[in-house]
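Down below is the structure, laid out as structure tokens.
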């Protein structure tokens, strides 16, 4: 009975799926009960405050973008980075309002725009400046369809013209990353960037003052939101990493003993 | 009707849809598989509906700019005019296949899109000029690896010295593959974590307040 | 001393426009006057070529035109040469795209060039058009084709197409080829076609995504890949149809060379500056 | 060539040059015009594409007997309520379905594609192969394990752990260097496409050259 219901070859993936999900859930529960794990220090995260401070000094706006990604029909890694970027948007928007800097965010998809608009409005309400929020002024929406070219063109052009003091690029990115980051570099912006794509992290290393590489973006989001659940899920990642490392080492040892085929077959059930 | 505004409806919809997709991947249950396919068809349909949102927002922005007589109003009006041209020619039968539509696509959309993409050629060159400077040991590693890969991909590398692409391919096949695997396993774990948080309704950014 | 330092500073902080103009020149010259540098053929391209070459005639092959107009200069040559090889081998391609304009690009730029006389639409090849909904859409397409594409690109119901009579899901595909510049990309195809239905996958890659594809090729989840314009050029040579890709590769080479020279100059300036500083210090 | 073809070629070339002018000499009015044309035309294309999918996937099946397709169509229309203050929350429902299905579809395969298959591919032989392959495999494993280690986020990395993490950082630099090298090829290809058009399809015919 079970054989006919369970798709062949999916037993191990199902077990792995359950192991990861359950361990993460447990870590999140521990964290929400007060055992919040500490997150290691990230220089780029500390630079966010400095970046906003610089914008206040110069009296020019702060620009923020999560790039051209949306939740619909994209990869999980992308959704995760986008969610992290949105958490950081909330944090940075609060920071800007408390220090007196103007934040302008650019986005490319209507779903993301709706969410960002809610975040910004909430931030203004929290600071007691609910009346001052205007979607048209604080959110730049450059619609795109399949190619991020219009977004890249629109944002890079705007940065060249307005020359904001600070430019945040936090989220999942496509090739617009380099066009926007280069425009920011030449406009003299202080840039803090972070993404989960290896290729675009490399871009950011060349153009930006501080970079959050890969999972450091998730860690920064957890630090920013101060949310025990997010910290717990980071701990969950670490726990799973331990057995992944162990399994690789075991696999190498088993291969040394000449029993690789048996292990691979076992893991392919 | 205030319960309709509750975020728990969103969370419930997200959870059910995601559960269907995950369950039918691991298990064969005909009824649920059919339901999953129907949901996916519906998602495709919804995605098609959202495609028009961009145009609507653009129109709204243009309208407000004209009202305020903003300096960018003229540009926005130009964008709207072009947009209408594209829509009208697209609707001439055969749908999206009329010569007028293809002409616009071929001579306006395709060149602007691909030239913007092609602009990267400049930015990559100037950023490379900056990135590949041996300021630190880390940058030196990047510089050396990058140089070998440059000559692995460009045919000229083999003309200069056949060893160049050989070393480049080795880097790609061993140390880079290792680092790439480590990087992407981590990102994948993070993706699962965030997926779980969304399913549990713990990501207020996504599910709404 | 300070004079030489000034020059070095200038080199280090060169006006980017000089770089930009250099780039334009170094790409334009080989286009006007190609040099004909030899193109060594990579193992991954050969393995893709061999796989297609060994498929039995009449096999159904899914070809994903996952690109917009902007990605065309890199992915188009690969798609063109794949399609040409497919038609030469009398395989039956199904064209789809998760990008809004991919199917249109196929109709405008590939089919008119690569089609062989005697091939009939609906019997020898079909274009099922756009699949909305990203990876969800692909997953639905894989489990039942008509669930997301009930009609083809031209509006004909899929049931009425001769070739699609016995093709209902991804289980009927003998091969999937994807040329993608983002999402949906090789990862989505791997998850939905290869992992779920066991369809072998060939990737026509953008060079930038090759580092992400190599691990999958190493782990044998991808049977072969072509690396950007370079890969297209290699494939053109393998199939004895040298064309656009082969002719354009010289320009790519000269660009790489110029960038490399720039990098060297930038680093020499740094080293020289350090040297000057040291001398001033003593 | 017809008049339309010639006109098209000219527009094509002018727009291309207008956008390139963003790099040399810099931001200018022509670039700005091209920028807004690009934004407008993409939005227009999306509208027509959306209509076609709705027609094929929703309306025509509904007309040919699948009456239940009316429901998804009506729900899809809720997307547009976001412009209303009163009913804006309704637009969240279709988006929730898209988000849920998107997350489900993408995370369900992660354990297999991104984790297990990658682990299995890392069971590399260290003996019984040529020494160069063995050394290469060891290097791969070091890069893999140290990179994995680098991303331990909830552990403060001190002492010997710090050293592993440093190796991980260098491995990442190898990865980034490789990405940089690969960028040049893709990006030059794009530009070659545009230059080929400008030179071979526009300039040469105009000057009467082959």
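First chain written, first letter: the chains are A, B, C and D, and each begins at residue 1.
Note that contacts are C-beta pairs under 8 Å (C-beta built on N, C-alpha and C of every residue); 3 or more make two chains touch, one makes a residue touch a chain.
Nothing here was measured: the structure is a model prediction, and the numbers come from that model.
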Pair sharing more residue contacts (C-beta pairs) when C-D is set against B-D: B-D
Computed distance of Cα centres, chain D from chain C, in Å: 13
Computed distance of Cα centres, chain D from chain B, in Å: 4
Between chain A and chain D, centroid-to-centroid distance (C-alpha), Å: 16
Of all residues in chain C, the ones touching two or more other chains: 16, 20, 23, 27, 68-73, 100-101, 132-137, 139, 148, 155, 187, 196, 207-208, 210-212, 215, 218, 227-228, 230, 252, 255-256, 259
Contacts with two or more other chains, residues of chain A listed in rising order: 10, 13-14, 17, 20, 71-76, 79, 110-111, 143-145, 147, 149-150, 153, 198-199, 202-203, 205-206, 214-215, 218, 234, 237, 241, 244
Multi-partner residues of chain D (at least 2 other chains): 19-20, 22-23, 26, 32, 34-35, 38-39, 42-43, 45-46, 49, 52-53, 57, 82, 95, 98-99, 101-103, 105-112, 115, 118, 120-122, 141, 144-145, 148, 151, 172, 175-180, 182-186, 188, 190-191, 193-194
Touch-based graph of the chains, sorted into line, ring, star, complete or other: complete
Chain A-facing residues of chain C, complex: 16, 68-71, 98-102, 132-137, 182-184, 187-188, 208-209, 211-212
Interfacial residue positions of chain D with respect to chain A in the complex: 19, 22, 26-27, 31-32, 34-35, 38-39, 42-43, 45-46, 49, 82, 91, 95, 98-99, 102-103, 106-112, 115-116, 119-120, 122-128, 141, 144-145, 148-149, 151-157, 172, 175-177, 179-180, 182-183
Footprint of chain C on chain B - complex, ascending: 21, 25, 33, 36-41, 43-48, 51, 94-97, 102, 105-106, 109-111, 113-114, 116-118, 121-122, 124-126, 128-130, 132-135, 143, 147, 150-151, 153-159, 162, 165, 172-173, 176-177, 180-181, 184
Touching residues on chain A, where the partner in the complex is chain B: 4-7, 10, 13-14, 17, 20-21, 24-25, 28, 71-73, 75-77, 79-80, 83-84, 86-87, 90, 110-111, 113, 115, 118-119, 122, 136, 141, 143-145, 147, 149-150, 152-153, 175, 178-179, 181-182, 185, 196, 198, 202-203, 205-207, 214-215, 218, 229-230, 233-234, 236-237, 240-241, 244
Contact set on chain B toward chain D in their complex: 4-5, 9-11, 13-22, 25-26, 39-56, 58, 60, 75-76, 78-87, 90-91, 95-96, 101, 103-125, 128, 131-132, 137-139, 141-150, 152-154, 168, 170-186, 188-189, 191-192, 195, 198-199, 206-208
